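Note that the chains are named A, B, C, D and E in the order they appear, and that numbering of residues resets to 1 at the start of each chain.
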Amino acid sequence: QQAPAQAPAASAANTFDAVRSRGTLVCAVNTGLAGFAQPDSQGVWRGFDVDYCRAFAAALFGDPNKVRFVPTTAQNRFTALQSGETDVMARNTTWTLSRDTSLGLDFTATNFYDGQGFMVKRSTNVKSAKELEGATICVQPGTTTEQNLTDWARANRIRFTPVVIERLEELVSAYAAGRCDAYTTDVSGLASTRSAQPQPNDHVILPEVISKEPLAPAVRQGDARFADVIRWTHYALIAAEELGITQANVQQMANDPRPEAQRLLGRNGELGKMLGLDNAWAVNVIKAVGNYGEMFQRHLAPLGIQRDESPNALWTKGGLQYAPPFR
Amino acid sequence: MSDITLDTAVAKAPEAAPRTAPLSQIGLAGWLRANLFSSWINTAVTLVVLYFVVRWAIGFIEWGVINAVWSVPDNQSQACRDIKGVGACWAVIAEKHRFILFGTYPYEEHWRPALVCLLFVGLYVVSAMRRFWRKELALIWIATLTVIGVLMWGGVFGLSYVPQERWGGLPITLILATFGLAFAFPLAILVALGRRSKLPAIKALCVLYVELIRGVPLISLLFMASVMFPLFLPEGMNIDKLLRAQIAIILFAGAYLAEVVRGGLQALPKGQYEAADALGLSYWQKTGFIILPQALRLVIPPLVNTFIGFFKDTSLVLIIGIFDLLTAGKTAIIEPAWQGFGVEVYLTVGAIYFVFCFAMSKYSQGLEAELNRHRVR
Amino acid sequence: MSDNLVLEPGASVASTARTDAPPAILMDRVNKWFGALHVLRDVTLSVALGERVVVCGPSGSGKSTLIRCINRLETHQEGRILVDGTELSDDVRALDTIRREVGMVFQSFNLFPHLTILENCTLAPIWVRRMPKAQAEELAMEYLTRVRIPEQAKKYPGQLSGGQQQRVAIARALCMKPKIMLFDEPTSALDPEMIKEVLDTMVSLAETGMTMICVTHEMGFARQVADRVVFMDRGEIVEQGAPADMFENPKTDRLRLFLSQILRGH
Amino acid sequence: MSDNLVLEPGASVASTARTDAPPAILMDRVNKWFGALHVLRDVTLSVALGERVVVCGPSGSGKSTLIRCINRLETHQEGRILVDGTELSDDVRALDTIRREVGMVFQSFNLFPHLTILENCTLAPIWVRRMPKAQAEELAMEYLTRVRIPEQAKKYPGQLSGGQQQRVAIARALCMKPKIMLFDEPTSALDPEMIKEVLDTMVSLAETGMTMICVTHEMGFARQVADRVVFMDRGEIVEQGAPADMFENPKTDRLRLFLSQILRGH
Amino acid sequence: MSQTTMDPRLLRAPPKRKLRLSWADERVRGIVWQVLVVGVVGAIAYWLWSNTVHNLEVRRIATGFGFLDREAGLPIGESLIPYSPTDTYLRALTVGLLNTLKVAVVGIVLATVLGTLVGIARLSRNWLLSKIAGVYVEVIRDLPLLLQLLFWYAILQALPGPRQSLNPVEGVFLSNRGLKLPWLEWQDAHTYALLAFVAGAVGTWLWARRATALFLQDGKPRPVWPAALGLLVGLPLAVWAAFGAPWTVDWPALRGFNFRGGLTMTPEYFALLLGLVLYTAGFIAEIVRAGILAVPKGQWEAAQALGLRPGAVLKRIVLPQALRVIIPPMTSQYLNITKNSSLAVAIGYQDIVSIANTTLNQTGQAIEGIAIIMLVYLTISLSISLFMNWYNARIALVER
């Protein structure tokens, strides 16, 4: 299974050096998905994924602004990464075995645990996805979503009429206008769509989650060092939250006596050097974007995405977000 | 003879004075009668059309002006939501117009793409004027396009560097269309010449290219540029997305323009070719000095029409995720606060496209009439 | 064949009009405006059956408009026009009747380029007169022989010279067996050598006793066949009379001026 | 009839041709086909330096093709053509040489409408002869003065009358200082009053001793300047000789017929 | 003179020419040029090809069309043939192709009709009508088609939901789920009645031709409509009755979430069709107008002067001449409508591009996916061109 990775290794092996010598990181993001990546009225990219890109840049260069965002569609996201047009992809992409193995990519660490669900209008009085027999369902093509839906419908003997629209905005507005009875995508997407509706309470996200959708940033296969930086940046964000280090208090926390905090913040040990980075890398990251919880709060909570009791909660609170030890 | 002329001039024969036509023939009444109510069927048509036009116009004015919301305090789109369906929410334009026009270009640097748009318009205006139809025009184009590149990218003369992914909105549309034309044009000339060549292999190659491209939709070429192009290049070499789309548009435009140019070449009398041959001019001298200057002049009106087509077609890059005017417009309404105001944004974007295309099409019609008058004389 | 053309057996002497019969065309104080432009002013004209009238006058004087009013290619706005006893009005049936009775030959031939010569000639007899095709073709060949181009029947108009085309146009009009023929400067778009062949055809047509109104500046033709010459200027009939009389003794200055001009021109 | 054919190359009875010098043009049993159509049949013709030859013959007899073969606007398929000692073949360099030596004037002028008169005349000297622009313009003005239209130099062809345009075309050809001039019916697209001015120009050119081959039906011109008249029919040279001789005593029936036609036509 | 014609030299055919190997030889130069150009193009093509092969290998992207037999698993909203997600990719693509054809064919017919009407309206003597038609043409032609499609789709979505759907006539529902019409429960009898109707149409056409021929023979006009009535209405009815006149109407009814039964026209299809038809009609209108204006006024007048009625003038004189001018540009509009139907992908109508696109996304086989799209369009374009050229040649034949 390693064989295919050999040839790209030639060019991918030095992604780290290439990025460092270029001085900017090129990060693939969604063309527009509320909460995750989307330009605001002034044309500045904002969102959860976007902040991850900034965090990577802060880790690599100590400056969160040394990043360029390349909007990608569902079709060209993988080619954009394969061809070297982008260095890293933080674009709500599900980590699957086939993608990990056959596309010449490496997924790093799951930064968001998602799962596919359904949303309906409250007025339909539907309480469970099983009641969707005969419904019209809005779905995006060319993604795992579409296949999950057909698998699930077959398993549950449900007939449905699909409305398949490529661009998300269109799909959402089709649902909102009542073109479909139900809208299916990852729960996070549902939540963000729901919160964007004039009356969010008119929409219900059904309890069934029909798939696992771990979203993870991906890099080209072959440069383990670069992948490490990406992976550990994520872990730094988690660890910061575990340790209570925030954007606001990261300077004061430098004096925090806890050894793990000392190591994370580069006061103690050479963890940054080991990654090939500055020892203050984690400080830079947190200064730029805050910790994981802050990012979540900033971008996803306003969309109505629950964190408590979801897999995205810290492991200490019953979730799955867990950082390996910084030592 | 001359005295007769004199006679008539002095002594006019008695004649019935020209009467004015009956009132029903002239003036407003005459005009109305002739143009709107000349027969009962005509009258019926007039009334029906009038009814619909008036009803639609009143409805539109009510929605678009009287009941419209023009602005809201920062992102509080609730006022807009309340009147949805009854009035337009122009507040979305007030809030998002700079994003629609310039996309993700750095906000403080928006004067640069704005200047670029003005330069493009200036370029079009200058190219439209017949007194600039000289060789120097090519220099003007090269100079302007260079300045545009400098402005957009920056990185020199104290302008900050702006990478290509941050460009967006109207400049992208103008760049795709104009650079598309500028590069497709020489290609088109070569292909058109090739298609008329006596050498069978070259001719076949050109025919194949033109027919292949014209037989498939532009979006399949754009898909190819976006998905397949990276496969064509050696590893490690990559071309950014805008450039790939630009190449697809150039290849596409090249085929259509080649047919336009070929039309001009065919319209040129054979005698011009023969006279040039008889003077001993070589093939390239003949082509450059005699054939092309005349043939291209003949095809300027269809050229402008083709250009309008490309201008509109650049909107298809939406499908591969490039932030042109239309994509920027659509992206503007992703933000939760502004979702659902597509019609307002589409109308605005449509108005921008319309202004450009309408101006060009009027110009081409005028030019065509003028050139035809020339040819008749 | 010639009996097809001779409308009244007694009409062999073509010199004078029979004023006793009801007039073929009667125009009574006809007025016409194009917008505010007064193009026909109180025109009163009566043409007897079998009479041959030549209309002349300076350019823009309303000659074409006059004869185009007769088969209602233009509508007049005041006054009355009676053709063969039928009054021209908005009535569609009256118009159909009149158009069948009146043949017209245009300056620019107006043959139908997508039909052969024979088809050009048989079109109206078949679809308007509902004549069987074979009979219509026979008739058409007769008239084509009459204008001396039967051998061109299978060709298309584009393949014929101008003079030949104009003769086809005459044959086409004759195929409807009209009582009245209108000619609007039938020779002015032709080269000199072709003018003669068309004029010859018209002369021989005149000799059959056909009622004709012809706008032309061919004074030779007028002298040879016209019973009457009508001189128009600025939308009025200024003077009319026998050709010899008119040309030798013009009564009005306007006619004198006109004659001097066209004679100088030739 | 075939015994009347005069085909021997030595048959030139031209009065002033210098037969001692090598011939300017030598065509030896030239044959040409358009597809299956045999347009030139064993044409053998020798034109001495300084000789003036007029070619005439009925339409379609191959006159244009003959002279267009001389500067290879058409390619012949059999036989040899030598121009000023260089043989015409697929060789591009030979062709370049020949085209510089041979000037051509067309029936329809073929001036370049987008260039001024002066630019029309200097184009080839500058780009083919690589003459400095100033010198080329001086030369052009000299020839334009020769054809008596120096004052039009800055105008565009569209602003000139037909006769003037044809004189520009002659000047344009002369600017390449050709040894031989070819004329293909240079006056037949002109109005009568303009024919004379072009013919005058050609006569004065002939007086400078230029080698000329001219396709024309202007018999007056032929009589005045031609050393020899060549009569072609159906792709063959049927008869040739001094103009006076040819016109007064045509030896073949075909020439006699032809002469009677063109004389009647005029 | 005939002696000359018999001249044996006349029968001689042109000789073949020999090639001389020299750079100065025109033909040698020609060959060298061609080899050079074709070589360069070939080299570029080879370079791209070898890169592609290498990249495919490296990225482990399988090539070949084997994936066509695999299960697609992609849901399709509307289909002319039975389809379920368990079917193969090949079948899914076939569904897409049929959907493309459905839009293209219906679009061509409607755009031609609308365009002709608008073109004639622009020539109308009614000032208001002609001005409105003019404004329509200008506006429609100066806006990108994609924008128009999005606009119409947005408008259609603003229709009320199925529960509040407009119900202008019993059994007809218009909602944001599309247009629902009552439809017969199809039985064999209906198939036979339909066949009878087709036969009736052919019969009517034959009779119309015969009537014209007879009319040309004896000049007696024979009305076509009684026969048409009998053949087009009577015959199918009789056949239907003979099979027992089954008559069960499938009324669309709101059950659960959606209407069940009846005939559906989805908003996606409708928006695409509307957009394409309105857009293309703008161009066709101009073509028709130019075609009619190309017939000189003298032709109208001459025909009128011969006593032809307005209908006959149009049919026998003006249209045959106008068509010559109209057909070639019309062909390119038909090609455009077909190619533009690919924009369906933007508004969720599942045409060939949309399905091939999803396929290449799921299988990663970009080259094959795009090759399929191109091949389909090239084939359609070529067929339309051939048909229109044939038709053009046929009517050109009438002229010369």
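Here, a contact is a pair of C-beta atoms (placed from the backbone, for glycine too) under 8 Å apart; a residue touches a chain by one contact, two chains touch by 3 or more.
By chain, with names taken from UniProt: B = Amino acid ABC transporter permease; C, D = Amino acid ABC transporter ATP-binding protein; E = ABC transporter permease subunit.
Here the structure is a predicted model, which is why all the values come from computation and not from measurement.
*Asks:* Indicate, using Cα centroids, the chain positioned nearest the centre of all protein chains shown.
*Replies:* Most central by this criterion: B.
*Asks:* Of the pairs C-E and B-D, which shows more C-beta pairs in contact?
*Replies:* C-E
*Asks:* With chain centres defined as mean CA positions, report which chain is farthest from chain E.
*Replies:* D
*Asks:* Which chain maximises the distance between its CA centroid and that of chain C?
*Replies:* Relative to chain C, the chain whose C-alpha centre sits farthest away is A.
*Asks:* In angstrom, rounded to a whole number, how far apart do the mean CA points of chain A and chain E lie?
*Replies:* Between these chains, centre-to-centre, one finds 45 Å.
*Asks:* For chain B and chain C, what's the span in angstrom between their mean Cα positions?
*Replies:* A distance of 52 Å separates the two centres.
*Asks:* Can you work out the whole-Å distance between the CA centroids of chain A and chain B?
*Replies:* That pair's centroid distance is 41 Å.
*Asks:* List the centre-to-centre spacing of chain B and chain E in whole Å, with centres computed as mean CA coordinates.
*Replies:* 26
*Asks:* Which positions in chain B touch two or more other chains at once?
*Replies:* Residues 223, 227, 230-231, 233, 235, 319, 330, 342 of chain B each touch two or more of the other chains.
*Asks:* At least two other chains touched by the same residue of chain A: list those residues.
*Replies:* 7-8, 75, 79, 82, 166-167, 173
*Asks:* Provide the residue numbers of chain A that touch chain E in the complex, in ascending order.
*Replies:* Residues of chain A touching chain E: 4, 7-8, 74-75, 78-79, 82, 102-104, 124, 132-136, 139, 141-143, 146-147, 149-151, 153-154, 160-167, 170-171, 173-174, 177-179, 181.
*Asks:* Within the complex, which stretch of chain E touches chain D?
*Replies:* Counting only chain E, the residues touching chain D are 1, 3-4, 7, 9-10, 12-15, 17, 20, 22, 24-29.
*Asks:* Which residues of chain B touch chain A in the complex?
*Replies:* 81, 95-96, 98-99, 102-107, 163, 165-166, 168, 223, 226-227, 230-231, 233, 235-236, 238, 240-241, 319-321, 323, 327, 330-337, 339-340, 342
*Asks:* In their complex, what parts of chain D are in touch with chain B?
*Replies:* It is residues 71, 73, 96, 99-100, 102-104, 106, 108, 110-114, 123-124, 127-128, 172-173, 176 of chain D that touch chain B.
*Asks:* Contact residues on chain E for chain C in the complex?
*Replies:* So the residues of chain E touching chain C come out as 215-221, 296, 298-299, 301-309, 312, 316-317, 320-321, 324, 398-400.
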